[in-house]
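Next come two complexes, and both contain chain A; in the first it sits with chain B, in the second with chain C.
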Partner chain A sequence: MHLVVCAKQIPDPDTPPSAFKIDEATNSVVPAPGISPILSQFDGIAAEAALRIKESQGDDSKVTVISMGADSARAAIKQVLAMGADEGVLLNDEAFEGGDSYTTAKVLAAAINHLGDVDAVFCGRQAADWDMGQVGLLLSEELNWASAIIAKGVEYGDGNISVQRVLTDGFETVSTQLPAVVTVSNEFGEPRYPKLPQIMAAAKKTVTQLGASDLGLDPSDVGASGSRLKVERLYIPETDSNVEFMEGDTPQEQAAALVQKLQADKLI
Partner chain B sequence: MAQNILVIGELDGGAASTTTLELLAGASSLSDGGTVGVTLLGAGASSAAASCIGATVAYVNDDSEYDSFRGDQWLNAIAGAVESSSPDVVLIAQSIVGREIGPRLSHRLGTAVAMDCVSISNEGGATKATRPCFGGNAMATYGFETSPAIATVRAKSFEILESGSGPASTEELPGAGESRTVIIATEEATSEGLQIQDAPVVVCGGRGLGEAEAFGQIEEIAAAIGVDKAAVGASRAAVDLGWYPPSQQVGLTGKVVTPDLYLAVAVSGASQHMAGCSGSKTIVGINRDEEANIWSFSRYGIIGDYKQVVPALIEELKKAAGN
Partner chain C sequence: MTHDATVETLSNTAMAVRSKSSSLLGAWWGPAVWISATGVFAGTRASDIAGRETFFNVAQPWVVYVFLAGLVGLLTFGFVRHASLWMIGKPTDGILKEIPARLRNVGRYGAGQDKVRRDRYAGIMHWCISSSIIVLTIVTAQVALQDDTPLDFLHGNYYLFFSFYGDLFGLIGLIGVGMALYRRYFASHHRIRWDERVEDHLIIVGLGLILVTGFVVESARIIETELVQHPDWARWSFVSWVLAQGIDSFGFSVSSPENPQSEILALHTWSWWVHVVLAFSWLGLIVFTRLDHLIFAPINAFFLRTDAPGRLAEIKDIEEQEVFGVGHVQDFTWKQLFELDACVRCGRCTEVCPANISGQPLSPMHLIQDLKAHLADVGPDIQMHRHATGDAGREVSPIAMVGDVIKDETLWACRTCGACVQECPVLIEHVPTIVDMRRFLVMNEARLPANAQAALENIEMRGHPWRGTALERTTWMEGLGEVAIFDGTQDYLYWVGCSGSLVERNLPITQSVFKLLRESGASFGVMGQEETCNGDPARRLGNEYLFQILAQQLIETFNGKNVQKVITNCPHCFNTFKNEYPQFNGNFEVLHHTEFLAGALEDGRLKPKYAVTSDVTYHDSCYLGRMNGTYDAPRQIIEMVPGANLVEMQRNLSRGLCCGAGGGNMWQEEIGERRVNHVRTEEAVSTGADQVISNCPFCIQMFEDGVPSIQPEEEGRIKPFDVAELLEAAVFGPKMDSNPTED
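== the complex of A and B ==
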C-alpha cells in the first residue's frame, strides 16, 4: 500500500496572545521572535494514523509525506520522516505562494497524481493556523476519491477503509472503498514521539522537491492568481478586559464576594 | 442590492434545527429583498418546512435515507436546489454537514467556501465573510472572486426570527441515490439532562485542575447553582487527557456555547478555547495565574488555587440557594 500524509508547517498555535502580531498592510502574521514554526498538530496525528496502517500491512507498504511551503517546511517533513515515513516531497515554487484552500488542494492533487500509485491520503482535520478544515475534502473532489472526515479511529482491511468519525453528539463508523482521503482529529490520540536514532535516520531519507512545471501546473492557475477566496482584512479582535477581581483575605471571603456579584447581576 | 440566498437546512428530530432557523434569520436580512431558499432532507422535511420563518421557498425530500448524513447523497439533492434557485450566497451550519458539504459543494460549483464564519455581510451585492483564525487570536474578513459565495456559519451567529412568514412555495428534490459510504455503526454520546449548548450557566474545568477527580468538584458547583440551570463543560486539554467526555468539550474543535454565565475554573483561556465561549454574556474566571489569558475576557475573577476557592464557592452557593 502507498499512503500519503499531507503536512503543513504553521506558526506555533501556543504562541502567547501577547506575542501574536499581525502585519495589517500585508494581512499576514508576523513570526514571533524565538518561537519556531511547528508541524500542525492535527497533521502529526494524521501521520500516526497512516503509520499504524503501514505497520499493520507489512514490508511492502510505504508512507510518503508531502508538504507545500517554503524551504523551512523541510523541518515538518523531517519530523514525519522521523516518526517513520519513508519518503518526503516538498512542493516549493513561487507560483504556489499566496494561494487559498482551493489552490493548495489543486497542487497537492497534482503531486499525488505525480506519485501515481497512492491508495489513501491522510490529512489533519484542519490546519491549526487558518483553521479552515477544507483542503482534505477539496483534495478528494480534485481526485474524485471518496472521503471520510474527522476520524478518531481508522482501520484497513479487504480494500476498504473503515473510519470512526466524530459527530456532534457521538460517533459513527463508516466504510468506504479505496482510494480515499481521510482527515484525522485530536480524538485519535497522541502521535508517537521520535527518538534520537530515528531523527538521525530521517536526515538520510530522500526529500524530493517539485515545482509547478514538474507537476504540469500552469502557474496562473495556482497561488495568489488562482485563488477564489481573498483575505481582505486580517486583524486582532479587541477583547473586553475590565475584569474585576474579588477581594478578600481568605478564599471564603472572595467566594462570598463573587456570589454576591452574581446574585446582583441575576446570573444565579 | 438584492441577493438570492440558499440555506442548507438540517433536521433535528423531524423539525428544522436551531441552527437552520438562525441561518434563515441571517439570510433574511442579507437577501435585501432577494429570495431565500431552504433545503430540508429526511423524514419530516415537508412538514418542517412550514416552521422556516424567513424562507420564501423550501426544497424538500422526505426520504428517510437522508436521515444519516452521507455527503455524496446530499450533494446530489442540493445540486437541484442550487440549479432552481440560482443563489448568490449559500449558507450552511458549521456542523458535520457543513464541514463536508461546504468544501465539496464549492468545488462542484467552481467557487469557494469560507468555513466557520461568525458574520456575513452584503456590501452592495458583494459578500464578505468574517471568521476567527489562528486559533481565535485573529479575525479575517474574506471576499469572493467567484459566485456563489459559500459560507459555513458558527452556531449562534444570528438571532432566530420570532415572527414572520414561512415559505410560500415548496419544490420537491430527488430521493437519495447511491453512496460510496456505508454506515456500519453509530454510537450516541449525548450527556444526560441539560445540554451545554442550552444551559444558561456553564461551569467549565481546564487542564489546571490537574486530575480527573477534580471534575467532581466542578459538577458540585453546577449542582449548587441548580441542575436545571447549570451544565458542566471541559477544555480540549482536559478532554484529551481523558478527564471528561468529548460531548462536553467547549472550544474551536468542540461545542460553541453562549450562556448568560460562563464560569471557567483552572482554564487558562487559550484562544482555541475562547473560540467556543467568548460569546457568553458574563465570563468569570478562577485561576491562580495573574497573567492568564482568561482575564482578558472575564467580568469577574478570583485569583487563587481552585483547591481552596472551589470548596468555598460551593459552600457560598449553597448558602445563597438556602436564602
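== the complex of A and C ==
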C-alpha cells in the first residue's frame, strides 16, 4: 500500500504579532529574522494518520511525503521522514512560485500521478498560514478521486477507507473505496515525537527533487501565471479599543446607564 | 564566591561566618586516634605488674579462627557475587583519574562521615556505633595478637589503659545503639521506617547484644580474677567493674581450689560463646544486608565524581549508539550499578525530594532500591546470556526496567534539583541515573508527557521553549536607550536567555540587570535576535541529541563573535555554559548576574543610595546554589541594600527546596497531591517577609504563580523579586521615580 502525505512549510504562526510585517506595495509578507519556517501543524497530523495506517498494514506499505516549496522545505520533509515516512519528494521549480490553491493542487496531482501506484493521499485540513483549506479538495478533483475532508479518525480495511468527519454539530462516518484524498483535522490527535534512530535514518535519506518538466507540466499553467486568485490588498487589520466608565452613584444607576448606552449603540 | 556550606546556620554577615567544613580527623576520629596513640605510648612505658591471661577460662579459643576464616570466605563470596553484577554495566570514564581528590573524598565522606552529620542526631548515633565497632575490633585484634603471636604487650600500664578504652568504646557503642533503638521504635513516623526490613532489627538488636554480652564476659572475668585480688586494676574497666559489682551482689559462687566449677565461671563461658557467635554472625550480615555499606560507602566515596555536580554526562558519538540512554540495567555504567549496592535505605533523599514532599510519584530511595532489586533479579541471567552469546542481552529481562520497574511518571517528576544527591550519606548520584532513563524514554521510545514534548518541539522549531509568546527577543530593550549588540570588542556578553526575553514577568529583571551593568561601567553587549536556547531544558528533559546540536551551534556562534566572558540572567544558562559547554570545547568565563553585581558593589562601581525598607527572604535556586555553590553573592547584595532585612527560610543554602520548575518541569503538568511551588511559597510566606528574593526566572515565575494560591487576599501578599530588581531600587530609587537614563 502506498500512501502520500502532502506537507507544507510555513512561517511560524506562533510568531509574535509585532514581528509580523507586510509589504503592502507587493502584497507580500516580509520574512522577519525571528520567524522560523516550520511544518504546518495540520500536515504533521496528516502524517500521523498515514503512518498509523502504514503500521497497521505491515512491511509492504510505504509513505511518501511530498512538499512543494523552496529548498528550505526539505526541513519539513525531513521532519515527516523522521516520524517514519519512507521517501521524500520536493517539488521545487521557479515556475511553481506565486501560485494559488488551484495551481498547488495541479502540481501535487501531477507529482502523485508521476509516482504512479498511490492508494491514498493525506493532507492537513488547511495550511496554518493562509488557512484556506482548499488544496485537499482541489487535489481530489484533479486526480478525480473520492475525498473525505476534516477527519478526526481514519480506518482502513479491505480496500475501503472509513473516515470520521468533524461537523459543526458532531461528526459523521463516511466510507469510500481507494484511491481517495483525506484531509485531517486537529481533532485526530497529536503527531508523534520522532525517535532518535528514525531522526538519524531520516537525515541519511535522500529527497527526490522534481520540477515542472519532470512532471510534464507547462510552466504557464502553474505558479503565478496559472493562478486564478489575485490578491487585491494584503494588510494587517487595525484594531482599536475604547474604555468608558459608566457614571452613577449606585450600581443600579450604573447598570441602567450601561443598558441605555448599549441600546443606543444598537448592541442589545 | 563558591565554597562548601555544610553548616546551615546563617549569620547576617553572610560571607565570613559559615565555617569551612570542619571534617576529617580532627572532629570525628580525633578521640579514637588520640586514645589509641596515648595507649601505644603508655604501652612502651609499661611496667610488668598488671595483666591477665587473655583467653582465660575458654577451652577452645582456636574456634575463633575457624569463625574468622568462615567470615573471610563469606565476605569474599559476597563481594564476588556483587562484583559480577556490577560488571554487566558499561565502562565508567575517568574513574581512576584525580586520585588525590578521590582519596580526600574517602577521608571526608568515608572516614569523616561528612554527609551523615547533616542529620545531627544520626551523626552522633552513627559515630558512636561506627567508632565503637572499629575500636572494639582493634581491641579484639590486640587480644589475638597477645595470645597467638610472640608479641607481648598487654600488661602493665598499657593493659590498664587498654581496659579503660575498651570499656569506654563499649559504652559509646551502647549509647549509639540506644539512640538507634529510640529512633527505630519510639520516634514517630520516621524516614528510616519507610522501607523497613527484618535485617534492620537484626542489625541493631544484634549489635546491642554483642556489646552487652561483651560487658558480661568482662565482668565475669573481673569477678573471678580482679575484684578481690586487684581492685585497683579492675577499676580501669569502669563499666564492667560496676557491672561486676552488681552481679557479684547476687552472691553467685566464685571459683576456688575447692570449687573449680563456679557459677561465675559458667556465666563467663556461656556469655563468651554467645558473644563470639553473635559477633561473627553479625559481621556475616555484611554480605546479606545493608551492613555492606561498611565496605561500599567508602569505596563509593572514592568513585564520587570529581567534576561539577551540575554537569550531566555527555553521550559520546551519539550517532553511533545502538540504544540511546538507559532502558536496560546493563546500559548503566558499572559505577551506577555499584551505587545501588551502597544504598542503606536511610530515606534522607526522599525526605528532601521536592516531588516527594508534594505528594508526587517519586521517592529517590525507592527508585534506587527498585533498581537494585531489578539488578539482582535479572543480572545473573544477563550475565549468563552474555557469556553464552556475547551480545548485550537487552532482550533477556521479561520486564521493562523503564516503564515497569521504574514508572514513566516517576522519572518525569524529578526536578534535577540535586537535593537527594546533596543529602546522600553514601554518595549516590540519583539525578544522572534518572536523566539517563529519561534519555531512553525521549530518544529511544519517544514516550514523554505532551507538554514536555511541546517544549522540546518548540526548542527545535523556534529555538526557545515558550510557545505562543507575544514577545520578541528584543522587546525588553524598549525604553532603555541604546543597547549595544555584542561584536567582540566588549568585555562581556550579557546573555539574556529565552525566559529573560520572552516571558513578560521576567522583562523587568532583564532591564534591571541591564541598567545595573550599564551603571557599573561594564563593557558589555547583548545578542538580541540572535540568541537561541542553549539546550539546557532539552538536556534535562532527556533529549541529549538536541542538546548537543544546540550546544555545538552556540559554541560556534560564540567563538565566531570572540566571546570570552558571559554574564547570564538565569542560573540554568549559567550552569550549562559553565559546566556543560566545556564538554564540547566551549570554554568561557561565566558569571551569574548576582556574582557580577556583588563584585561591582564590593569595589564601589555600584552604590546603593536609596533605602528599601523591607523584610525579605531569599530563595536559593538549585542551579546557582546546590549545583554551583554560589550562596554568598546574592546574600551579599541583599546585605548591602539599605533597609533590607534578610529573614532566612528554614530550608536554605544547600538544603534549599526547589521551586518546582527544574528538570523541565516548568513545561509539565504536575501529578500528585500538591504543587511544589505552593509548598515553597508557603515556606516563604511563613517567614513573614514582604518580599521573596530569588535569582532565577523560573523560580520567580513559580512564586508569582504560587502566591495567589497561598495568599488569596491580595492585600499583604509576599512579592517575588529578583536580586537585581531589589538592587535596582537601591541604586536608582524606587521604580515609580522616573530614571533620567530611561527616556
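Please note the rule applied: the second predicted complex is superposed on the first by the 240 of 268 C-alpha atoms of A that agree within 3 Å, B and C clash if a C-alpha of one lies under 4 Å from a C-alpha of the other, contacts with A are read in each partner's own complex, and residues count from 1 in each chain.
Going forward, contacts are C-beta pairs under 8 Å (C-beta built on N, C-alpha and C of every residue); 3 or more make two chains touch, one makes a residue touch a chain.
Bear in mind the structure is a predicted one, so any value in this text is a computation, not a measurement.
In the superposition on chain A, contact of A:N144 is made with neither chain B nor chain C.
When both complexes are overlaid on chain A, the residue A:P17 reaches chain B and chain C alike. In the superposition on chain A, contact of A:K230 is made with chain B only, not with chain C. In the superposed model, A:L267 makes contact with chain B only, not with chain C. Once chain A of one complex is fitted onto chain A of the other, the partner contacts of A:W130 are limited to chain B, with no touch recorded for chain C.
Of the two partner chains placed by superposition, only chain C is touched by A:P33; chain B is not. Between chain B and chain C, more residues of chain A are touched by B. Looking at chain A, you'll find residues 14, 16-17 touch chain B in one structure and chain C in the other.
Considering their complex, residues 319, 324, 442-446, 448, 450, 453, 456-457, 461-463, 467-473, 475, 529, 545 of chain C touch chain A.
Those residues of chain A whose C-beta lies close enough to touch chain C in the complex are 12, 14, 16-19, 33-34, 36, 38, 190, 192-197, 199-200. Listing the residues of chain B that touch chain A in their complex gives 68, 71, 95-96, 99-100, 102-104, 106-108, 111-116, 128, 132-135, 137-146, 180-190, 201, 225, 229, 236, 240, 246-247, 252-253, 255, 260-261, 270-272, 278, 282, 284-285, 293, 295-304, 308-309, 311-313, 315-317, 319-320. Of all residues in chain A, only 11, 13-17, 20, 22, 27, 29, 100-102, 125-126, 128-134, 137-138, 140-142, 146-150, 162, 165-177, 185-187, 227-237, 239-246, 250-252, 254-256, 258-259, 261-263, 265, 267-268 touch chain B in the complex they form.
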